[in-house]
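Encoded as structure tokens, the structure appears first; notes follow it.
Order of writing sets the labels: A, B, C and D. Residues in every chain begin at 1.
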């Protein structure tokens, strides 16, 4: 039984002017201790999905149109607020993209970590502080810096604090929303390596959201590629990297400049993301797809299994035309 | 940090001196000869000279300024009123506590009412509560103080007879003056809190806190409130000056014998020593409040505390002005 | 969505503003004729048995100091209670009487004799002698107060006859010496403390009350003396006066409504509102009383020769709608009066009226030789309510007539100083005999018209007028002659248009019906001053029991 | 394929065309117009200004025409807002009076903004000793509450429109200068200022050409928000009897007169307060919208 199953999840943002379909029928599963990479351009609905899992979507506008999120057998969408609160930070925790603003500027780093331990660990404040200091040391921060404030730390160090905070209660699932995008490359490698060690040590499953295929290659077991609120290709790392099928995935891999050829220009995928408030019918990618036919534009595409451990949402691929 | 506070206190002395000089110069340039107004009609040249000497009006600008400052600094003596011949300091001793009490209670009400209402209307945005509070804030902010005071007086004092209308002897009689003096400021603080709160709620660290599984209430009180306090403290600092100045109008209408009525009477009689004294004392209170505001910044925001400590070495700079 | 709702907010805000103010306002439909007197008998105010009361009086004038004659005017009423007055008006007979003199008469052209009563004691136990009597006049010259103006006194030539009599020397006979508002001061104590000492807030005096408590600009308490030389303490019904100062007139009236005050002067706005509502069950009532002074506009004759041209004066007489100016200045206290004595007074004489006639005014203006817009005038008035209203009302008509006028408003003391000796920049100004004259006679109202140096614009530079006025002031003219001359002078003023009287000043007093009756209030008050010594005596209350 | 290509070209074309033509100001204007609340505030202010300037067009009554017989007439067909204690038409007095009120308020704001700009830019630009001196002077100015300062000055200079304007503007200087100083200090560090100095331009020219244009935005915001405050101060002064003297029609002095009749004749209080309220509300709304338009990072 998998740790987390997302079935046909769709999330819409309804405002007076527009009805934004951010996520439309996403199906994902994360196994115990495994890492799922979620890849896609900005605005593909990656972060919305992640926030959906923790039910952090902004109340008045955001609405869960349909679908279920089964976590350890329990549907989180049906859970009461109290149940969700006991899950957040304890069972599932999240790391955000920009470390500079992720920490509360007026509380000490130690307090912010101890807070979540004290809340879920049901232990005394003193013990919580102790464990907080231990967590900091685990992420490579000297113990005596626990009493300092976020503005005294660099970007990389702040991200380490956020990671320490996320893993403090030993969650079974860690959601990392582009954890390293805001960091420079050298720090990026250190942080990812540290996350991998911690994960292996504690058997934590991870949902890694990124648009950097290099990171996915090194850290993820499975990969899901999202486009315009839908998962268009989903499979194990080998399948996707060795045998990408969906035109959009091919475009993604095509746009990575290869080192051996001396290329003058990059090969971006032409055109722009469709407007989520006015999504085209049929395959959302058809107006940018090189192989698009009239049929693609009309009928809805299904995410079908092309081979074991590799699904694609493209009728032409299923028919073997591409 | 303590070094910074001491430095600020030292800086208050030249500021107060500056206020004193400005206020004195303004009244020195005022037309109309005090001696004639005191002696009335049948004055004779030698009596005029005697009186002028007594009020040391014959010493020219710097002489008078010097003796005025010397009088205040050494004997804390603000001189004598032109007409009642009573020493002003004696009057201040009697009247200052009343205005100070009104001011302090006014400020407490401002914060105690303004802050929660602001937070409430921010958290429950677009709700009915939000709009009623906004409407009240608009009306109170747009109504001149004395209209509000007289309306309150007529409505609650005379028509409904719930509250006594003058003096401050019974606790009930404090309600009306405080309400009409503090209300406009409550409205402003509420609006300021609401805008700040809306901004803070959208910050990332609030989402992090929520992702940690904290309840909305703890997020509000522990994380959001403290962060949105800083700009509110600046506004409160400004409000205190408004409340003190507003006391002139409120005390007059509610017949409270504080600095306000004293100054109003002095303005009407063109009794300049009293006007100068009152402005000086109120300016002093405002200076103290500004100092307290700065200290509150440091208490709440570690970034500013760090800058204060380091600023002790570098050139003097009040950092919090940039933050707000 | 948020946008539309903000606009809704504004509408609701304006509505709320509307509601707040509307419920604050009362209903009113213009003032009715004064009818305050028919107080129902169910309140029977006045002394019952030998209990004593504390009378609470409210005032919007500053409490001031007990040194009479200095700007701003000290509280006359309080001085009246604390000091014995050498001369004052008996409220019951409306004649001049004295608290301390046994006898006073003109010995000859220049000498005026005053005989002090033997047995007047000051609060410090000292006996009053003629030294104190003479000193009571000398101190005014010493302090520079303007109370001696008009007495033509030469203090060096006054001498003490014996320890109870003083002979005063005046250049010419005048009535002012026996009508001016002079108190008996204790010479030794005054010399000892000097004029500037705060001791003057707790003065040593010979009057019936002493100052028990005094808080500047707040309140003062006058308590009856148990060692008063004239009456024993149990003759007094009012044991204490609690005198409270209110900066805001609106608050004063509300205090009366709530029953926290027994006696106070009220504004015309509060008066007209009171008259328009039915007040049968209210514990307070209002009585209207002539103050004895009339309101008239002066032409500043002295140093402004334009006013010697009668056509210009007539242009002003016709060019200004005096009835309207009166109504705008005094509100519901306005009573039309073209003479210089109140309607109730026997010396009242209506010399005739000049109806408002803009064409005639234009005619006279041209006859006087001024094109419209050519003449421009200046005036400096006090910045209290009635002067401001008068200034606004008159300015409108004068400018409509084609004459420019610049009116400056200055505070009370600055304008007095300006009127009396500085500036002379008053072409025209409004005057009403500030003290009023309880005897309600013409000389009382015109007391500034013959005074020089006095109020600069009030002096009437016309020989026949001065001649008539001198006859009026001559103490030995008989009462019938006085009435005859009063009519003659008022007719002369009208024919020559020297001064334009247009209103008689009433003032309204609010009182608590359970404590004091309307007749008593009318008797002991004139021109906003209370005869507190008279009010204190139980015998006076029993007159109206 | 071709359909897609044409659409892209068209989109790209008008995008570049749009940005090229629009200067920074046009873009701000665009953003401002879209903000309906701000527009509502702007409409209010413009309507008021038109009403006051074109007063003769909106009423046949003369604000000084007095007649006792029509004293305290309640609002009706003849007199829209009724008449005041001198029988003058209240509607006429309010719109003619608006000229004085708005003029004084604008004048005071301009004066305090200019002084603020002057002091602020000098303090910000030169820094060091001058900065210290000027900041201390600003502290002094800010220590005295603006109403008291206005009272002291207007009792010294005497009452009248110009003196009132001067008295009120003193209070606003400190706020403007302090804001100006912080903006200038943040700009001073930028490279293009050093570049300007390097090319030998005098300090004054550098300030005028480089520093000032960047501070226009916060200045306008500060100015529009301070107009409301100025109008409140004028009515405060009139209450004490120092502001504009009768019979000149001005909202504050009409309200001060209205105070005495508050229990008898409500229009004399309601309508001036409403005019004051609408002006303050209008300028605040417009100011807020302006701030959002000029300062996009501040999310609504």
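Heads up, the rule we're going with is that a residue touches a chain if its C-beta (ideal position, glycine included) is under 8 Å from a C-beta of that chain, and two chains touch if they have at least 3 such contacts.
A quick note: this is a predicted structure, and the numbers were derived from the prediction, not measured.
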TODO: Compute the centre of every chain as the mean of its C-alpha atoms, then state which one is farthest from the centre of chain C.
DONE: A
TODO: Between C-D and B-D, flag the pair that has more C-beta pairs in contact.
DONE: B-D
TODO: Identify the chain whose mean C-alpha position lies nearest to the mean of all protein C-alpha atoms shown.
DONE: B
Open item on the list: Please tell me the distance, in whole Å, between the geometric centres of chain A and chain C computed from their C-alpha atoms.
Closed with: 90
- [ ] Could you please state the distance in Å, as a whole number, between where the Cα atoms of chain A are centred and where those of chain D are centred?
- [x] 49
Open item on the list: I'd like to verify one number: the distance from the centre of chain B to the centre of chain D, where each centre is the average of its C-alpha atoms, in whole angstrom.
Closed with: 23
- [ ] Could you tell me which residues belong to chain B and also touch two or more other chains?
- [x] 126, 138-139, 142-143, 147, 150-151, 154, 264, 268, 270
Task: chain D residues counted as touching two or more neighbouring chains - done: 241, 259, 262-263, 269, 273, 277-278, 281
Open item on the list: If a residue has to touch 2 or more other chains to count, which residues of chain C qualify?
Closed with: 1-2, 6, 10, 13, 17, 21, 24, 250
TODO: Quick one: which bits of chain A touch chain B in the complex? Just the residue numbers, please.
DONE: 54, 56, 60, 84-90, 93-94, 96, 98, 101-107, 115-116, 119-120, 149, 151-152, 162, 165
TODO: Write out the stretch or stretches of chain B touching chain D in their complex.
DONE: 11, 14-16, 18-19, 22-23, 26-27, 29-31, 138-139, 141-147, 150-151, 154, 199, 202, 241-242, 244-246, 248-249, 264, 267-268, 270, 275, 278-279, 282-283, 286-287, 290, 315-316, 318, 321-322
Open item on the list: Under the stated contact criterion, what part of chain B meets chain C in this complex?
Closed with: 32-33, 36-44, 47, 54, 83-86, 91, 94, 126, 131, 134-136, 138-139, 142-143, 147, 150-151, 153-155, 157-159, 161, 165-166, 252-255, 257, 261-262, 264-265, 268-270
Open item on the list: Applying the document's contact rule, which stretches of chain C touch chain B when the two form their complex?
Closed with: 1-2, 5-6, 8-10, 12-13, 16-17, 20-21, 23-24, 62, 64-65, 69-72, 141, 144-146, 148-149, 196-198, 200-201, 215-218, 246-248, 250-251, 254-255, 257-258, 260, 410-414, 416-417, 420-422
Task: Contacting residues of chain B [partner chain A, same complex] - done: 126, 203-205, 207-215, 222-223, 226-227, 300-303, 306
